[in-house]
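What follows is a pair of complexes built around subunit A, which joins subunit B in one and subunit C in the other.
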Partner chain A sequence: MAQAPATGSWDYLQRMPRYVIYLLLAGVVLWQLLAPIRFPIVPSSTTRDVYKAIRAAPENKLIIISVDWDASTQAETGPQTAAVIRACFESGKRFALMNWTAPMGAKLANDIARPIAEQYHAEYGRDWCNWGFKSGGANVLMAMVKNIPETMGNDVRGKRVTSLPMMKGVRDIKDIGLVVEVTGLAGVTETWIGLVQGPYQTPLTAAYTAVMAPGYYAYTDSGQLKGMLVGVKGAAEMEVLERKPGLGSAIMSAQSWGHILILALIILGNTGYLLARGRARRERA
Partner chain B sequence: MRQTVLKLLAPTTGTASLVAHLAAALLVCALLLFALHRLLGPRGRRWLIAAVTFAGGLFYGLEYFLPAHGKPEKNFLTPWIEPVSVALTVVFAFTVGLGIYSLCQVHGRNVGRRRPGWHNSLAFFAAMVAMFVSGLWEHHLRLPEPLPAVVPWPKGVYEVLFNGLYGPLQAATFSLLAFYIASAAYRAFRIRSAEAGLMMAAAFIVMLGQVPFGRWLTSWLPAAGPLGSLRLEVLGDYVLTWLNTPAQRAIAFGVAVGALAMSLRLWLSLERGTFFSEQS
Partner chain C sequence: MNPEVPVLWATAIATLGVYTILYRENPISRLFEHIFVGLAAGYLILVTWTQNLEAKWWAPMVHQGRWQWIFAPVIGLLFYFIYSRRLLWMARLVMGLTFGTAAGYTFRQFFPINAPQITASFKPLRPDLVPPSAGEALHPLRVLDAWGYVILHNWVFAIILFTVLSYFFFSVPHEGRFGRVLGRSSMAGRWFLMIAFGAMFGNTVMARLSLFIGRMQFLLFDWLGHYVTWFGGRG
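And now, the complex of A and B:
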């Protein structure tokens, strides 16, 4: 749809062409990625709760990291996954990656986990594993709570999960100490709560894209979620807690300045609108 | 019986065994579908679908609600959860096949009749075949992890298509949203009424409270005491937890009641949908 041309400076303020906004945003993001101006990052209570939940998970139980995301949300869910994996390795907790919604997540998360595992000298099969994508939607969770080895079958490397040393003694959901759901999809958490957290009291924590997080404060408030990571901010805050600044912290300054630009644009638009309205009123009078 | 079903549904290894299983499964399915198609009229099909839907819902409902005993806790239906889930996964796989068939039909027609934009349909076929062949080939190679320094070329092709093309394309599409949101926020947020002003104030507080810059802006205020509650991150947290949460909870209750009603209608086949309306 063609935009009406701006007739005066006040009008221009409220009818700035789209390409100007796009260029400004691209410029700000690029500037901050190349030469960031950083502000101190202080972890929020929801992020602290995630960190605490990982550290408090029993040593003799597995942590499941359900990576239900794909490339579309990787800018947020990628750093979140990395931060959660790092927290697991740091506290010496064994974890399994799994995926039951967006198939791409199992591979992308695997690519994230491998180099981090090398940094911590962690061994595949002993300290971590990847059960891969399992088709079947909520049925996967329904079957998994009763029998993990049979439901998971083979891992991403084609080995039976029962052949992995870390899976020794893992039978059903009672052997899981914590579930960390990393997702950009709505409805996934509700399924975990309905089928796993509620009936079996398995602790559940989550990481969401910033846009969907407001819908889940009700679950942290009720205690059904042990904290949550909100967007890339959550990842950056986890990195602060781990004292290992990474991709999340780097993206945070670009996001900060992006927010500032959008707020400045809204203020400019409203200034133009109010001034133009005042002028119209004066002209009518 | 459960063991026989599990054995039948268990993953098979070895190319010959896989091919034999696939051929047998295809033959049985084709015969079954043919027989059902010939023997059942529209009314019979409707009843069959309704009966299977009801049995499926009843199975999961009973398994969930019936008391469980022993260690691990289970009732008489629990051992069947796994084979039923595998069977459902197979049904899901059929729906993927159906989706691919439907896509091929639509795009095949576009290409065959040279409809406007037919080249997009051709791109669909090229992309599907390329991903399908390279994906299967890569899977067949069963390369060890970590990957060797020099990878076979089918793996290289797969990596280029998946990591180099599909991933970035998906990420780029989603990234465009940031630009649209910036433009939409600039255009839509106008203080035309008191309500709009209130919404904008909330948006400002939450947006600033979510980024380190906002926290820095009011960092000069003491962290504790009455003035501390005026810090942007505290105000943002207040909006999200005290104002947003009850509203979200109310929506969730509404959605849950609606979902329950809809599930009941689906389970009892009261929700007929397009298939049945076409039939009648």
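And now, the complex of A and C:
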């Protein structure tokens, strides 16, 4: 898109060419990825609640991590998924990955879970499993609450989920201790609340992309959600609680300095506007 | 050759190709955009077959003698009668079934989603009604004591709730004594909404920046880091 040329220094601040902003941002991100200057990360109350909910989940019940995200939000939901998986392994909780909205999520989350499982010497089928993508939308949840093995059928490896040792005794939603919804899609949480958390009182917690998180604070306030992770910041906060810096923490310094740059540009743009307006008034007078 | 290398190169070229949009609209970014959409669609079909239809429909029908499953795709195919004026009524049957199911789900979900929201809006505003330990989880920075935090939280909540609701109350003109009060409340509600939208915009910036940083991490540590040891490992 063609932009009008800047005529004066104040005008330039308002009409700074886009490529200058892009280059500045890329420069700041590169600088912080290569030589990070870190800010302290203080876990928020919503992140603490997620951490507590995972640790408090009953040992004899399964945790479901519903990975309803795909490549387009992986930079945020990937570190969140990793942080949640690590919290499960750390507290010795068995979990199943599942996906009912974004088909790529099951594969991408599997790639995240495998190396973490190796670090914790966790075994597939005994400590964790991946039920894979199940099509059918809300029908999947409706069916799952009554019969998990029948609804899930095969896992991502093509085995019947009933053949996995950790699935022994898992029949319906009463055998689920916690659902962790990791998503970048609006509306997914509402379906979990409407069909599972509300009617069956199954504890539900969530991890959202930052852009959609503000809309879900009301659900944490009402207790329908036991905490939530907000964007990559939430992942970094979980890593602080786990005392294991990972992808989230690595991103945060670039994130913070990127925000400082954007704030500086907003202030500069507004300063340019005010000064240009003042000059125009003086010229008119 | 390490089998990872072609994948790394393909991903790096696709990433850089998509980012050429930053210069201007061009065929390269369009090409990679279309490849991405095509791959996602193809993957959806594959996964739907391997993880759903094969296990739950094909195998029971072919290997376990549950021949009645043959009627499931027949019912699904009725949707295509939308292209026939004469037999459109058959498509309407399955559409009606789909809409009815969706309406049923929506109705079923309405109360579990919204009723707790309404009850959670009733918060104690009198200090003596708030247990001193109620706000412990709310103040990680320990700026206020728990009790003070809850009082502040609840009052701020109540004021914003009423003023924002008044902004959407259009049945009374902003004239006369009550109207003027309503007008001021509505104006305050508008300001609170703007603050909330600002917070949402801030989060949007954070989300978009995260995606960019994620790609930069890949290009630096996974792709270039594969060849230049100075970049080290990821993260």
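Convention: the second predicted complex is superposed on the first by the 284 of 285 C-alpha atoms of A that agree within 3 Å, B and C clash if a C-alpha of one lies under 4 Å from a C-alpha of the other, contacts with A are read in each partner's own complex, and residues count from 1 in each chain.
Definition applied: a residue touches a chain if its C-beta (ideal position, glycine included) is under 8 Å from a C-beta of that chain, and two chains touch if they have at least 3 such contacts.
Values in this document were obtained by computation on a predicted structure and should not be read as measured data.
For the composite obtained by overlaying on subunit A, subunit B and subunit C cannot both be accommodated without a clash.
In the superposed model, A:S44 lies in contact with both subunit B and subunit C.
Contacts of A:V232 after superposition on the shared chain: subunit C is touched, whereas subunit B is not. Applying the stated contact rule after C-alpha superposition, one finds that A:G223 touches subunit C and leaves subunit B untouched. In the superposition on chain A, A:A210 contacts both subunit B and subunit C.
In the overlay built on the shared chain, the residue A:K174 is in contact with subunit B alone; subunit C does not reach it. Touch criterion not met for A:P58: it reaches neither subunit B nor subunit C. Contacts of A:Q74 after superposition on the shared chain: both subunit B and subunit C are touched.
Of the two partner chains placed by superposition, only subunit B is touched by A:L108; subunit C is not. In the superposed pair of complexes, A:Y273 makes contact with subunit B only, with no contact to subunit C.
Within the superposed arrangement, the part of subunit C that overlaps subunit B, taken from 24-32, 96-104, 132-140 or 168-176, is 96-104. Counting contacts by the rule stated earlier, residues 18, 22, 25-26, 42, 44-45, 70-75, 104, 134-136, 142, 153-154, 158, 199, 210, 214-215, 218, 221, 230-231, 233, 255, 258-259, 262 of subunit A appear in both its interface with subunit B and its interface with subunit C. Partner subunit C is touched in their complex by these residues of subunit A: 1, 18-19, 22, 25-26, 29-30, 33-34, 42-45, 48-49, 70-76, 78, 103-104, 106, 132-136, 138, 142, 153-154, 156, 158, 190-191, 193-195, 197-199, 209-211, 213-215, 218-219, 221-224, 230-233, 246-247, 250-251, 254-255, 258-259, 262. On subunit A, the positions that touch subunit B within their shared complex are 14, 16, 18, 21-22, 25-26, 38-42, 44-45, 70-75, 104, 107-108, 114, 124, 134-137, 139-140, 142-143, 146-147, 150-151, 153-154, 157-158, 171-172, 174, 199, 210, 214-218, 221, 230-231, 233, 252-253, 255-263, 265-266, 268-270, 273-274.
Those residues of subunit C whose C-beta lies close enough to touch subunit A in the complex are 22-24, 36, 40, 43-44, 47-48, 50-52, 55-56, 105, 108-113, 116-117, 119-120, 137-141, 196, 199-200, 203-217, 220-221, 231, 234-235.
Put simply, subunit B touches subunit A in their complex at residues 11, 60, 64, 72, 74, 78, 81-82, 84-86, 88-89, 92-93, 142, 144-146, 162, 166-171, 173-175, 178-179, 181-183, 185-187, 189-191, 200, 204, 207-208, 210-216, 219, 233, 237, 240-241, 244-245, 248-249, 252.
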